[in-house]
Each structure stands twice: as C-alpha cells, then as structure tokens.
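So that you can tell them apart, the chains are marked A, B, C, D, E and F in the order they are listed, and the count of residues begins at 1 in each.
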C-alpha cells in the first residue's frame, strides 16, 4: 500500500494554501456568525464517482489550523468513491471546520481529479501490458502530491525532477550533435544508479539509440504503425515509452502496439477537479 | 492595463516550483550534455490558440535561476495568441534555458489555460451585461496567479480569501439560525468597508435577504426560471450573482435572466492547460 | 466574541520574536542558574490598569518554546485588568518560563497598549454614534495582531492592506486628474464586492465625491466646522470617516459633528506599552 | 559612523511588512488609477523635528518591491531633521512609489520615534557622564532595528538577546538561592568573553554583589538616595546601571547620582512615531 | 565540466551560515574599526595543497551580504591548488570582505577538504578501473554541496537521497523476509527508470541477488578474498559496489579485486578541512 | 547540566537535513518493502568509544518525521559511550525508523565526533588549568550544535558569532593602524557588556595590548617560549588565549606555558565522525 507522503514534504504547499485563503484576518464570515464553542460534524462527500486522493494534504491543513480537529477517513486514498459516498468526516469546532473547508476541498478535488483521470487511462489499456505514467507537466508546487495521485489512480512512477534521471530530449540531442554523442555524454555523467532514457523522433533515431543501449527509449509522436515497428525492432530488449498526443480515445490503440509505458501529460496538466463537498451531517 | 503581480507576492510559489524540479542536483541531463558556454535562443510558442497568462511567473523563475537570462515578451498577457505564435523569446546560456523550460511552461500553460477558458465564458455571455467571475476553488498555492489569469481572460474580480469579504453560505445560515440573523451578525462585524454577500437557495430566502440589504446576493443552484424571477424581484437594487452548475453550454441562458455576475468554479479548478512549448529557434 | 487569530497567521512574527531573543545559544543565564528539573509557577500581572490583548501570541510563543508549558488565562482578551490583576498563569519548567518571559511580555505589553489606548478613544466618543477605527500605520510585522487589538479595545475594523479595499488618497486623485476620474477608474476595477472609499480635502471635493457615490468618504484634516457642514451635506447617505490630527482631547468634538467613523493612526503607531510583568507566585 | 545593518539581517521583517500590506493582490487602488508607465518623484518629509532612523529598512522595502526604484537619502540616519526637511527622495514608477509608501513610512516613523525619544533622554543627562541604554523590551521582530535606532539617537549598546550576556535578575537570584550562588553558577558557565551583570534590589544585595565582582551591576528601582549611596560604595570599581521608573523628568536626577548607565524601556516600548509623510514633489 | 549548483539550491544553507555568524547586530568588530568607505583587496589562499571546492557557496555568501563585492576566481573548482596559491580575490568595501570572510572560508575549507580526500582515494585506485563514490553520510544541510565536492575530487555520483534510488539494505531484507522477496517488492514499486541496488552480506546472499538481476549489488563488509570471489561469480554482468571499512591504506587492495565501485563514507563524514585563509594583499 | 538547545533554534537545520534526504518522494525503498503497520524496535549503538552529542537534533528529526515515534535516550549527551553501548532506542513504525535513520545518525555521528575530539584535548591538558575552547571555524548551519558539542566534550564557550564579542584580529589592527587605535575604536563601540579580545602576533604587540587592558588577549601562533614569556609578562591580570597550530601532540606543551585558554579550530572543522549505527534489536 502506497503510504502517505511525510508531512514534512507537503507542509510548504499546505501552509501556502492555508495562508493564501486565511490572509491576515482569517475567516471573517465564520468568526462573525458561528459561536466560539459551537461544535459540529461535517461529512466530505463525493458528488460524482471517482478515485480519492489528497486526503493527506487535507488532513495536514486541518491539523495546522486546529490540532483538536478530528478528520476520520471513510474512503481510503486510491479507492473508488461512488456518487454520494462519504470520503471523510470532520468533528470539532464549527469554526475550524468551516474555515478549513475550502483548502481541504481544493486539495482533495484536484488530486482526486488526477487520480480519477489516471484510472480512466489505466482502465482503457487494461490487459495490454502497457503502464500509464505521468510527466513533469505538473502543477507548480504540487509535484509530489500529483505524482502520488497518479500512483493512487493506478499509474506508474516516472522521474520526479531534473535531478533523478537523465532524459535526453530533442533539444539535448541537438546540443550534443546526435543521439549517439548525447548518450555517450550522459553515460559519462550518470554513474551506476542513474537511468538514461533517450527520446527519439523517428525509426532511424531509434536504431541508433538501440545500439547505445540506454535504460529506456521514449518514442515521441510516433504513429501507431511506427510504434508497432519500433516494438518489433526492439523486441523487449529495452523498455519503450510512447508519448505525444495521447488521448483517452487513442490510448488503447497505442497500448496495443506493444509499448511498455505510455506517458500522459494530461493526467496532471488538464484533469478536471473531482466534485467533492462538505455537508453538515 | 492590469499590472503584473509584484514578485514578492509570487516568489514563494515560484521558488517552490523551481525547487521541486531542480531537486538537490539540478538538471543532470543538461549539465551532462550542453557545454557551459553554449548560448542559445529559444522561442516559447503557443501550439494552440489561447489567451496568454503566467508570463510574470515564468519571468521570475528565469530570473531566480539565472539573472543573466533574457526573456523578451512577444505576446502580452491577456492577448490572444494564435496557433504557432511566439509568446516569448529566451536568450542566454543554453543550460539555463533548458533547465528552466519546464517550470516556465508549467506556469504559462496552466495560467493561459485559465485565461483561455475564462475568455470562452466571457464571449458566451457577450452583450448580456453579465460578468464572469471566479471562486475560491483555485489551485493550492496559485490563488493570486489564477485570480489574475481570470482577469486577463476578461473575467471580473471576486473575493481573494476568507478575510476580505463576508460571504454567508448555507452552513453559516444554518449556524446562525436563519438568513436575517446571519446578516445581522455579519453586519455587526463588518465595518463600513467590508462587503456582505449572502447565498440564498430559494426565492423565499431571497425575499428575506432583500429586506436586510446585503452588498450582494448569491443565487445558488437556481433554475433559469427562478433566476429570472429573482432578477425581476430585485430589480437592480442589489447586485445578483448566480452560481452552481454553470457550464459553457448553459452560461448564456443564465446570463439572459439578467443576473449581474456569474461565478464559475471550473475556470480555476478544471481548465485544461494551454499547449505551449519551447522550440530552438 | 472575537476569536483568536489562527496560529498559522501569527506564527511568522512569533517565531521571529523568539528567535531574535534566543539567538544561537538560548537563555544562557537561565541555563546556568536554574536546575533542569526545577518547576515553577509564575503569574503575569498588570502593573497598571488596561485592556488585555496579545495573549494568543504569548501562548503561541510559550508553546513553540516548550509544548509542555501551561499558560492559563486569568483575564480574557478584551477585558479590563485592574492594577495588580493576574492576566495569566504559567506553570512548568522554570527554565522554560524564564526563557519565554520577555517575548511573551513584549507581545502582551504592546498589544494591550494598543487596546487600552483604543478604549480611551472609544470611551471619549461614547454616545455620539461615531466609531473609532485604525489605519495602516501599524508596526511592521504586527498588522493582524494590532488590528485585532483595536477590535478588542472596542474599535472597529478598517481595511487590512492594500489589496482588500480601494482607498483613493490625494496622490491617487492627482494621478487620475480629479476625484471623478479616480472614482471612475476605481469602479472599473473594483467588482461588486470591493469597497471604494475616497479621501477628500475640501467641501468642494466632497460635493464631487458625493455625486459619484463611493462606498465611503474620508474627510481628511477637516476643521470641526467643515466636518459639520459635511455631515449636513451628506445627510447619512454615505458613511463619513474623519481623519487627521485626532487626539484624545479633540476626538469628542470631532465625533459630535456627526461623522460615522474616526480613524486614529496613534492607536497603532504611538500607543505606549501597558506595563505587565511576570512574578514568581 | 554606525553602518546600516546588512540586508540579510533585516530582510525577514521587511518581507513580512511588505507582504502583510500587499496581501494577495497588491495595491488595487494604485493599479486601478495610476498608468503603468507613469513616472513620479516623491519626497519623504519630516512633519515634525526628530532624529531619522529606519532608512535602511525603507530602502530594502523599496528594492524588494521594485529594484528599479531609486531612493536617495537627504537626511542621514542619526541626523536631526527639522520640521519640513526632506528625508529621502523616491524616483521611479508612480505605481511602485505609491505601493511601497506606507511600508517605508511605517519603518521610518517608528524607528525615528525611537531615535528621537533616545535623543531626548541623552540630552537630558548631558554632562553627567551617564549613558542612556535600552532594554530587551523591544517590538517583536524589530530587535535589531530598534537597538540600532537607539544608537542613532545617541544611546549606547546593551545585550541583544538572551544568549550574548548573562544578566542575573531577581527570579534567577531566587532560583539560585542568593546573589552569591547565582554569580558563582553564572561564572562557571560564562567563559572569558561573556559579561555577567547582576541585578540587585537593595544596598544589602549590592554589597554581596560587589564581593563577587561581576562585570556590571544593575540597580533596579533604587531611590535617588540609594543610587547615590551605591555609587559611593562602588566608587567606580564596577560599572553601575540604574533601571526602573525612569522618565524624562526624572532621568537627570538619576544621572546625577553618578551611575554609569541608565536603561530605559520606554525608548523601545513606548516611543510615539515620528510624523513623516510622502509628498508629490 | 561540472557546472556550479544553481544558487536556488544552495541558498538555504548559505543564508543559514551567514545568519548564524552575523546574528542580530552584524560584525561589531569590523563596524567599530574599519571606515565605511575603506576599500580593500584580499586574497584567499591555500595554506596547504588540495583540490578546491565550495567557491560557488562562498560567492553566493559574498553576493548575499553585499552585491557590490567582487570575487574573482583564481583556481577553478576541481583544480589542485599548491600551498600558497591564490584561490580567489575579493575586492570591495573592507567591511564587507572582513564580515563575509569566515563564512566563505568555512565553505571552501570544508568542501575542499572533501574534494581533497576524494582525490587521494581516486589516486590510490588509479588504473584499477574501480570508481570512488560517496554515501549519504553527509553533513546535515550540505548534501548537494558535498556530493558535488566528491565529483570535483574525481569521485563518481551515487544516489542523492532516499527518493531517487532503491537501495535495499540489511534491515530491508529482514523486513521483507529475504533478498528475493525484497527485490520483488522493490521491482513492483520501481518503474522503468529507478535503479534497484541490493546490499548483500555474504556470497550466499550474492547468489540469490544475482538470480534476481538488480541494477547493482552492494557487497558490504566483504573480505578481499570474498570480493574477488564475488567479481568472479558475477563476471561483469551486474555492477558491483564494495563498502565497509574502506581506508586509504586498504582501498587499492579492494579495487584490485575487480569491483566496479567503492563507496567511502569518510569522504563526507570525516574529511579534515583544507586550510585556506584570507590575506590582505 | 547543559540543557538541550530549544527546538526553535535547531529546527531550520534539522528540517533542511530531513528535506535533503527525503526529497520529493520520501523513502522509496522502505515504502516499497516494509508494511505500513509493521512496528519495530531499533537500537542506536556506538561502534567505537566516544562522547555522545547530537541527540537533541536526532530527536527533533524523529519528531518532525513522525510524532508517534519514540526515542528513548540510553546514554546522556556528554557521557562516554563504550564501544557497543546503546545510545538510544527507537520504537514505533518500522517505516518511520528506517526513514529517519540516516538523518539521525548523521547528526549524532558528527556532533559526537566533535565532542569526542574535544574530550581528547581536554584530557591532554588535564591539571594544567588551561581550558580548551573552539572557534568560529564551524560547519555551515551547525554553529549552535557544534558549540554545544564542544561544551559536552568538556570545552568552554567562546563567542558565537560576529555580533556578541569584539575580537580584533590582525586585519582589524591593520585597518586601524595599530593595536592601540584598534582597541580605542572598539571600546568606543562596545558598551559595558561586550568583551573586547585582541589578537597579537608578537611580544611587542602584547605589551601595547596590555597597556589598553582588553577583556582578553589572543596570542596567535606564538612559540612555546614566547607563550611562556607572555604569561610571565601578563601575570594573570588579563586572560590569555593561545591559538594557531594546536594539535593533540602539542597542546599540553602549550597548556603548560600557563595560558588560560587554548582555542582549537580542528574541534569543529576536522573532527572525524564517531561511528554510530542503528541495529534491529
């Protein structure tokens, strides 16, 4: 089971989110209207079906605002909530719950949106052997949370940032003067533990890449026919990742070419929110 | 003209974005492949038409990474870029440009996505007198940038956070025991400069609200017919805002009921990215 | 009842205060002299009568230094402490109490000073209908805490910062070329929820302002006679705020002109501390 | 000449001050009204006579908001500005100047207030040989800036925090079980470079303290007669500092008892602001 | 050429270092003694021979303290400075140079110490084909800088932290119930780009590990004889890393067993500083 | 007994250390292999004899990662652990313990290394009356922790930073034009509580220094003979500190010259780590 991210990793973005909502004076509406000792119980519910994510960030937001506020999880992260299902229950001072409501929902809505869209792609390629992965096209500040949401939706991991994997893209190939030279330079810098993936734009480049045996090869914007040719050519010796123009209605066809990984930027840059809301019990 | 946000406001999220991409070791690929003194010129281009936003954040990211890196703006924020148009030009060390590329694109793509979706809603209500506004359903950490992107897309301002406007929602009405009592408590706390908006769910609540003369009234999940009844009832004495279930295919019908403002959560919680990319010139 | 500010809002200034007192080595005197397991009970007492404020910041300082330190409140914020009254009781390790003493007292002394001066102004205008409010002339870093101290002293709210209200001052009028033009530009930017207050320096400007119906009008440095003329002219249609040269011995005369609000910079920029001290029980 | 504090020391409080004023949206009034390319020249003037301080913080605020904004100093820190004198001139974009105005004035007003009150005390003891010093009763977050303002006003240095000097106060004496034991414990911890000052409340305690030869002795709340007896007793062997109930009308009498230092909490906890303002040239 | 780390990566530790040295009042000695307009030229020299590192951090410290301070590099990072060689020249205000001196030297001394010790190990294994690498036993806060210093000394890269490589250690093997199960669990989590290295303590474990084909195998505390058996067994199919008890007088013998990598904790946890000092020119 | 440093002082470096190890994704190995509910008990043991330090930082790291993780201290800070002794016991979730292991060990190893080397120097001068002290040649970010480790090893305190003591070094003497002038300028700035130590390089300078009676005199790079002449000359009137070229094999000879303090840079800049490790119980 995928554990929650340690609080220390997500604390900066959670503090930023709380602070941009509370501003200097806090929740003036709630403070004016709710009595200080009024206690309440609110249920966070899914208003549409989806895969739940972001509860770790929501829980940290609640704890940072009011350590006495209880948040009990009803639907685990990574599980499917049906429309109307309770996701979590908040119990404590009404003021605290109403104040943290929007911050908590913004995290859960967005990250569940990512997990839910991922699950759709994962379902679309079921049985093909291809794994759905995401890219670095993530929301500024949410890299770790969104990567985890993709995992919760059934997607696989990819590199986290510029420093943990060498990924040679077209501009790098151009800077080096060719695929072979780029891989050579990368290998000299990589050490024994850093993967080297190289992006190729044509079957010709693919053939060169194969000869230099990178950890993985990224086939960018290949047609389905070319993808099939590529998988035949490589014949499972090197993992192949397809990217570019992947949509929900095209992803199965891509998967059926036999590629091992399909990276989908839309999972993190264009997933609509999952509709979640907080209701008085 | 809407000025850019002061750097000091957006610096926390821009630093977070850079730092989550650079990690501890920076861009190992680029450092391995590009020569330290290699200079380059790259053009950020729109790969689909849209309203440009986020250039202030991209520029700050570039400056924080390498103060010697030049970023020249080719399409102003708020302007429409056609497919293929240059948005900005980067000149400087190739290493710096390749390293900041993804962070810069992530800001511009997401915020242009918000501006572009806003423009679609604005265009859809053209001529009706209704103004499109956004909500607090923003991406954690991006509140200020997304609110500004909505403005760049032609939308209007709304409250920035919990502390600058009193917005009495259904849970507050419940906590106070009624619309009248909630407004009374709010007024006692508000002072002469803080607006009081009250959300109502029915025409009955609307009639009560009108009697207590808030700054504005939010009609939540009203049918078009009820919206029309509401505007007739209020007769321009109090600004009316419609919310709930607003979609691009329903927004004009809502606008034609005569409401003054239509708030659309999707502008910030579900706008797909605008496809922008960096190409070697 | 005015709730305390959420810790997350005041944490930056409380950490800064603790850190500037503790430096790199902490309280070398106390560490040298008090035994590590010595427990103590100290009482924070008012050495002069005044309205208490700042207990939230003091409590957070204590908690950040030593979570096991108990601070029990004896005089609520906003209440009047007579000379000698206990304000709060600290129980725990002697070292922790002696170390946090000065930071806690500095917050309580200064903020109670603000609340106490506010109460004097509020008392001075009792029965006139005028409300005392403060300005943005606050201590750097203490905006939220001082604004709240004014409320605890009986004053009313005003804008918190540059971003939550439009306040057109003389320099803005000059930049726009006139009161009317300035209000017009402001209105175009304001939306339905942001108040527009305009400062006028003469009855002539006031007449122009009235015609453009801002949310409120600030009468800056008006003589009492002119204030009276202004209130007659406006006749309650628009809230009027007086500012400039307000002193404790002049404020009632100003209030009796019928203005609705009187803003007093001195509440936050020149309030002497309230004398509070920590005594071994 | 006392140099300005390095920016890196004052940056946290200056950022906090800017950020609490700018909020999430910046200066909405100025942005609505002033044109983006409008340039201006404003003069910061003293509206009453006083010693100027805080220009380093004001300059950093201006630079953090807009590096292109010029701030030229007309009255040096530590110098006396007569009523109406120019303190500094700002030249640059009108928007930047109007936006930073209040933050800059808040620093200069408060710190000049501290420097000015210090100068009054310094002048009051002129010729006596006593030096005015301040305490740790400073504004939270402004310790370094206020200590420097006291120096600019002619006062002397005192300890900066709990970690740089051992100052044995009554509660420490009580915890140790006596003055002698407290000094012994302190000496064991102090090393050769850390001063030990001990507070005494009576001539009896003073005699004990003298026998243990601390670096300095603080005479707390002594009557003038007892202060005179103390100085006679000590006869310049150990520096003596008087504290407690020092006011502008009593300080000279205290100084004339022959004490070396007089510490005045009011310099930092109760100095009214110096009235400074920004005028269009 | 290994580029310097982006400032944004090292800024937190450089700010911390400056701030712990400057405290609240800055350099009181220099401020008291050097005139404000006195300019100076100081040379940082090696007082013993060694490989230079840490100039990027020193330069950032200088820039953060005083942007007008010039630091010209005389010996490049990674180059050997002979005893007495100039490493860098500082020109600017004497106050700034004297104030930043210790912070700059502390970075250069420590990091050059790491680079120099690395070079000794690298030289000791010259010609064997083994590469010296470091571990995560780095100084708190200096991970990125020390890893880079190892590279500058000729060592190779290793994982940067817990998140970029799977390294299965003895405790993980115990938690999983065996090497095979541990590798299986790791593979399920790893994706196509994350390396899996497994630590084995015996030839028996090595044989199991080989069958599961991890990216690399770490031979912990093997005798030289067992290392030789291991390399024979593996026969270059999988990179082998030796660790445990590596000293300068044993490292060559280890290298000659044919292992590919030798990891040395001492490079970062026990390297003595390189003696560098700042002299007036 | 030397109390631990308040968490608020060491929190920045502990957070930095955790964050550089956890990166964006946390401990991928442990998360893949250990079950979420698996509990464990690990013992931190000394693998060689030494003085223990750094437990406060290790405990804070554990608490920041997982507040439910128990760390029980078995060997107090400042005590000698024999080889194999338990230093501390961790009980809680296996995942938390394995994740925090390296950060905790890095603090304890390094700081115990400092304490242990200090103890060796202290033992070497036993009975001579000289005290071992450290310098500002500390690891960036670890000033407070390393100074405390020196105390735990039996060393004495020295200044913490540039702001708490005046230490006139050769460059300051040069800038002032002589020892006498430098001391005079220092005294004018120092106040009654700040020590003035002056560094002299020769007996001639020493004689000048004595005439101006600083708080202490630092004899830099004196031969043993000159040190003996110096102590004879000063005859206990002023504390004397020796520095420069102090090694474990020379320190006793230096101490026997009668100097009061011996400052040793190596304590903090070149102490090898103490070997500590975490073993499953």
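In the analysis below, a contact is a pair of C-beta atoms (placed from the backbone, for glycine too) under 8 Å apart; a residue touches a chain by one contact, two chains touch by 3 or more.
Keep in mind that this is a model prediction, so the values were computed, not measured.
Under the contact definition, chain E and chain F share the contacting chains A, B, C, D. Looking across D-E, E-F or D-F, the interface that copies B-D in more than half of its residue contact pairs is found at D-E.
Comparing the chain pairs A-E and C-F, the larger number of C-beta pairs in contact belongs to A-E. A centroid comparison over C-alpha atoms places E as the chain most distant from chain C.
Comparing the residue numbers each copy contributes, chain A and chain F share less than half of them at their mutual interface.
Chain A and chain B have centres, each the mean of its CA atoms, that are 22 Å apart. Here the spacing of chain B and chain F, counted between their Cα centres, is 51 Å. With centres defined as mean CA coordinates, chain E is found 44 Å away from chain B. Note on chain placement: the centre of chain B and the centre of chain C lie 32 Å apart, centres being C-alpha means. Residue numbers of chain B whose C-beta contacts span two or more other chains: 20, 22-26, 31, 99, 143-144, 157, 160-161, 163-165, 189-190, 194. A complete topology is adopted by the chain contact network, contact being made between every pair of chains. Residue ranges on chain A touching chain B, taken from their complex, read 12-14, 16-17, 20-35, 38, 40, 42, 57, 94, 98-99, 102-103, 105-107, 109-110, 113, 136-144, 160-169, 171-172, 174-176, 182, 185-186, 188-190, 194, 265-266, 269-270, 272-273, 278, 280.
For chain F in complex with chain C, the touching residues are 1-3, 5-6, 8-9, 143-144, 147-148, 160-161, 164.
Within the complex formed with chain F, the residues of chain C that make contact are 15, 18-19, 22-26, 31, 36, 64-66, 95, 99. The touching residues of chain D, when paired with chain A in their complex, are 20, 23-24.
Within the complex, the chain E residues that touch chain A are 133, 156-160, 163-165, 189-195, 197, 215-216, 239, 241, 260-261.
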